[in-house]
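First subunit A sits with subunit B, and in the next complex the same chain sits with subunit C.
Entry: the complex of A and B
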């Protein structure tokens, strides 16, 4: 991205924030949906922990913080790129969009970034307040943990976005992506530890999942946040997270050039 | 130097050949037979700066494919397109900066944004100088009345309004070449008029080279001095509209109404119809003018009324399409 084109991306980012702030109705729906999941999980954990001090070294307070934070994080991980690509393929505007002297997927990225910024204001803050009042105040265990969490969260954001972007390339070969989108969404929810942490899974399964990128979206940042691991234990995990970020970026770049070529050979 | 040079341009599409019925469906799962379609076969032509060229042909003739290849969206199977001397595939980013493209059936405006926001985004994408941007908008507003709709979300625009918006969007960065794929499709009379006026104006004021595909013969008549006709991916005609008319229909018909049933023959015109007091003559334009013919006939016999029939542009193009 050269400096001059940056202004275009910034403009996309800015207008997207303003547009997202204008759609009130979506926002209330989202908050309600997130709160339902959050409360259901919280009640579930409270019932499960009845009479138990700790499970797998985690006490009920930490588990509730985990739940609230997981709901807050899900706001950051909403992506619109799949739908955007789907629409432009259906309307047949991909080819003309690619004609502009600017990278189409970078535009989508900044749209999502703008969306996210608006959602942080509109969704994250209300969910934070409701969660803090009714369930648990999500305090990090330490300042250090919070910083590491933040670094991990940024990588998690990229892993999640690159996954979505790679997934969106499928749209160029399949016609109706809606069911697949649902499958992907729930698969990530399940495999990433956003609802049930890995440590409740059988060892063999969590060992496998630790090698896949999904746990590095929710579970790792959350583990850091509640202080599940010592710093020394965390570093190799952050290493794997970083590797996944780079690998998925590579895959995304590869697919992007393939799709561009395909569109250019077969027509939009 | 020519603004656009098209050299030995070829485009083949591969499409999967689907078998029929259950047997075919099963076969499709296993084998993947490909069928090759030759959309464009060996096109060659050049377009000079400041020309308005109509690119016409029946549906499926390869017009859109050619326009897509010229504008760099589509990779040719072989051959090349040079725009201002640069290959539109290899120097895509540079070439694209100097092109404006409008596809009548696909909008490049962002549906979620207001029209003005779409323009502003393009200003950033093409790095248009703020002052020049405002000047361009001003000029285009004069012709297309864009200010009335600039604050309307694109999704709420009518087809005609959207088309105007798309034209402005394509011209904001002052490209030297403008491709228009069916710009007047589905528009009402006013809409067509505004768009034709706009094309003429930018051609005259800015010297923009315009290439348009169309099925609307009014577009051709009003705008284009040069006509390129292709069919089955092959160039079949290339030249000024008048020349084409002269070549395909070098004759006119003169219909004469006399006072009675007597009629005369003329050495330079064929009397191909004679009934009651009406006589129809067909004459070659190069042999004799209509005025002369009328005069020479009236010297021999009194004439009550005359009508001159000429092949319409519709006829000409239909004849051209069917000519192999």
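Entry: the complex of A and C
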């Protein structure tokens, strides 16, 4: 990447932060929504653990930390790319985006990065304060766990973004993606451990899910954070996470080279 | 009077026919939702069931009873989607000046708002709801009787009216704010978390609010806990099923009055 291009991406990133900061209602709405989910999960676990110490090697305090951290992480995993592509294909602005001398999907990536930066300030901090005061202070088990968590989180971010990007490619040929976006949203929400961790699922199911990329979005970083596994047990899991990151990157690159050739512009 | 009712009936039938035709025009859309909504609710329930099976019970509810609660809750959600989903999009109607059209026609505005189109996509929510409900009935060996069928019908009507009323009240605020804020996702999140789980897992303060201030407790928890005979907390009433029907009618009336008042503040913003 030469310097002029680098600064172009930085410009996209910066504009997106400023744009996100302007949408007040979305911000408050999102905090409210995250808090509803977070409080409901917290009370759900408290009610389940009434009269039980540990289940599957995890106690209620761990589960509350898990819940708060999951809400904080969801901020990092909000992607705008699907909707962005859908709208620009519908309106035809994708044509002007493609005329720009920089890579189309890199623009979308830096837009999402900008969004995320704004959300970290606007959403993550309030949710952290509310969660810490009302539910549990999300302390990691150790410094080492925190570092590993952070590495895993970065890979999780890329897995999530590549999945969203691959998904958005569909939009170039199919028109109404709303229901499909919902399918993806629900699959990630339910099968990634964002609300209910895999350990509570029957073995046959959690074994299958461990092979799919979803659990490497929420579950693995969270497991590391609450100290569910020994370091030796973690390394193979991090390995699978790394493999998924690379595989999805490959799929993304492959689809990207093919799909932009047959874009179907609606408006314009 | 009789003539008016007949007229409304005929228009409703005509609208329903149009809705069916419009829905059939876009089969891909319907198929998409037919995939999406069952996934959401069936996998959603399965994950809860796994956990509750692992722990035994939650707030005194076993997973069979929970399936019963979850299933009926999804069914009333589906019904409210079919009849009252417009409440979610009130902001768009206000901003686009859609009410101009309704105000010019010689029929009740609220009637037109809700029944000009039926959202048949809501049927895709009905399917997983019925599946989970039937599973729940089998699990708890629910004994059917004429009284119980009537009770379930009454509670579904009440629950659907409460949901519709709350959508309408939230939507009506758009007359005052004149903005397109889409509250749909937030409303659904709130309803999901409060009607699909036993209300008694929340602190008493929350239970109190959800019983008297925002009557969500009546949508599923109180009537169903009475029907399946599980503990239902301090704020439960005797005869909760019939109270639900009453609460439904009452909240809908309040919502309709609020809507009428809001409509007087309507200024056409479109065009």
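Definition applied: the second predicted complex is superposed on the first by the 259 of 268 C-alpha atoms of A that agree within 3 Å, B and C clash if a C-alpha of one lies under 4 Å from a C-alpha of the other, contacts with A are read in each partner's own complex, and residues count from 1 in each chain.
Criterion: a residue touches a chain if its C-beta (ideal position, glycine included) is under 8 Å from a C-beta of that chain, and two chains touch if they have at least 3 such contacts.
Computed from a predicted model, the values in this text were never measured in an experiment.
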### Query
First (subunit B), second (subunit C), both or neither: which does A:178 touch?
second
### Task
Could you say whether A:40 touches subunit B, subunit C, both of them, or neither, answering first, second, both or neither?
second
### Query
Should A:15 be classified as contacting the first partner (subunit B), the second (subunit C), both, or neither?
first
### Task
Compare subunit B and subunit C by how many residues of subunit A each one touches, and report the one with more.
C
### Query
Regarding the shared-chain residue A:25, is it in contact with subunit B (first), subunit C (second), both, or neither?
second
### Task
Give one of first, second, both or neither to describe whether A:191 is in contact with subunit B, with subunit C, with both, or with none.
second
### Message
Touch test for A:91: subunit B only (first), subunit C only (second), both, or neither?
### Response
first
### Message
Under the contact rule defined above, give the subunit A residues that sit at the interface with subunit B and also at the interface with subunit C.
### Response
none
### Message
For a test of understanding, state which residues of subunit C touch subunit A in their complex under the given definition.
### Response
26, 28-29, 32-33, 35-37, 39-40, 43-44, 47-48, 50-52, 54-55, 58-59, 179, 181, 183, 185-186, 189-190, 193-194, 197-198, 200-203
### Message
Taking the touch rule as given, give the residues of subunit A at its contact with subunit B in the complex, in rising order.
### Response
4-5, 7-8, 10-12, 15, 19, 91-93, 95-102, 261, 264-268
### Query
In the complex formed with subunit A, which residues of subunit B make contact?
13, 65, 68, 71-75, 93, 96-97, 99, 101, 103, 105-108, 112-113, 117, 120-121, 124-127
### Query
Along subunit A, where are the residues that touch subunit C in the complex?
25, 29, 32-33, 36-37, 40, 43-44, 46-50, 52, 55-56, 176, 178-180, 182-183, 186-187, 190-191, 195-196, 200-202, 205
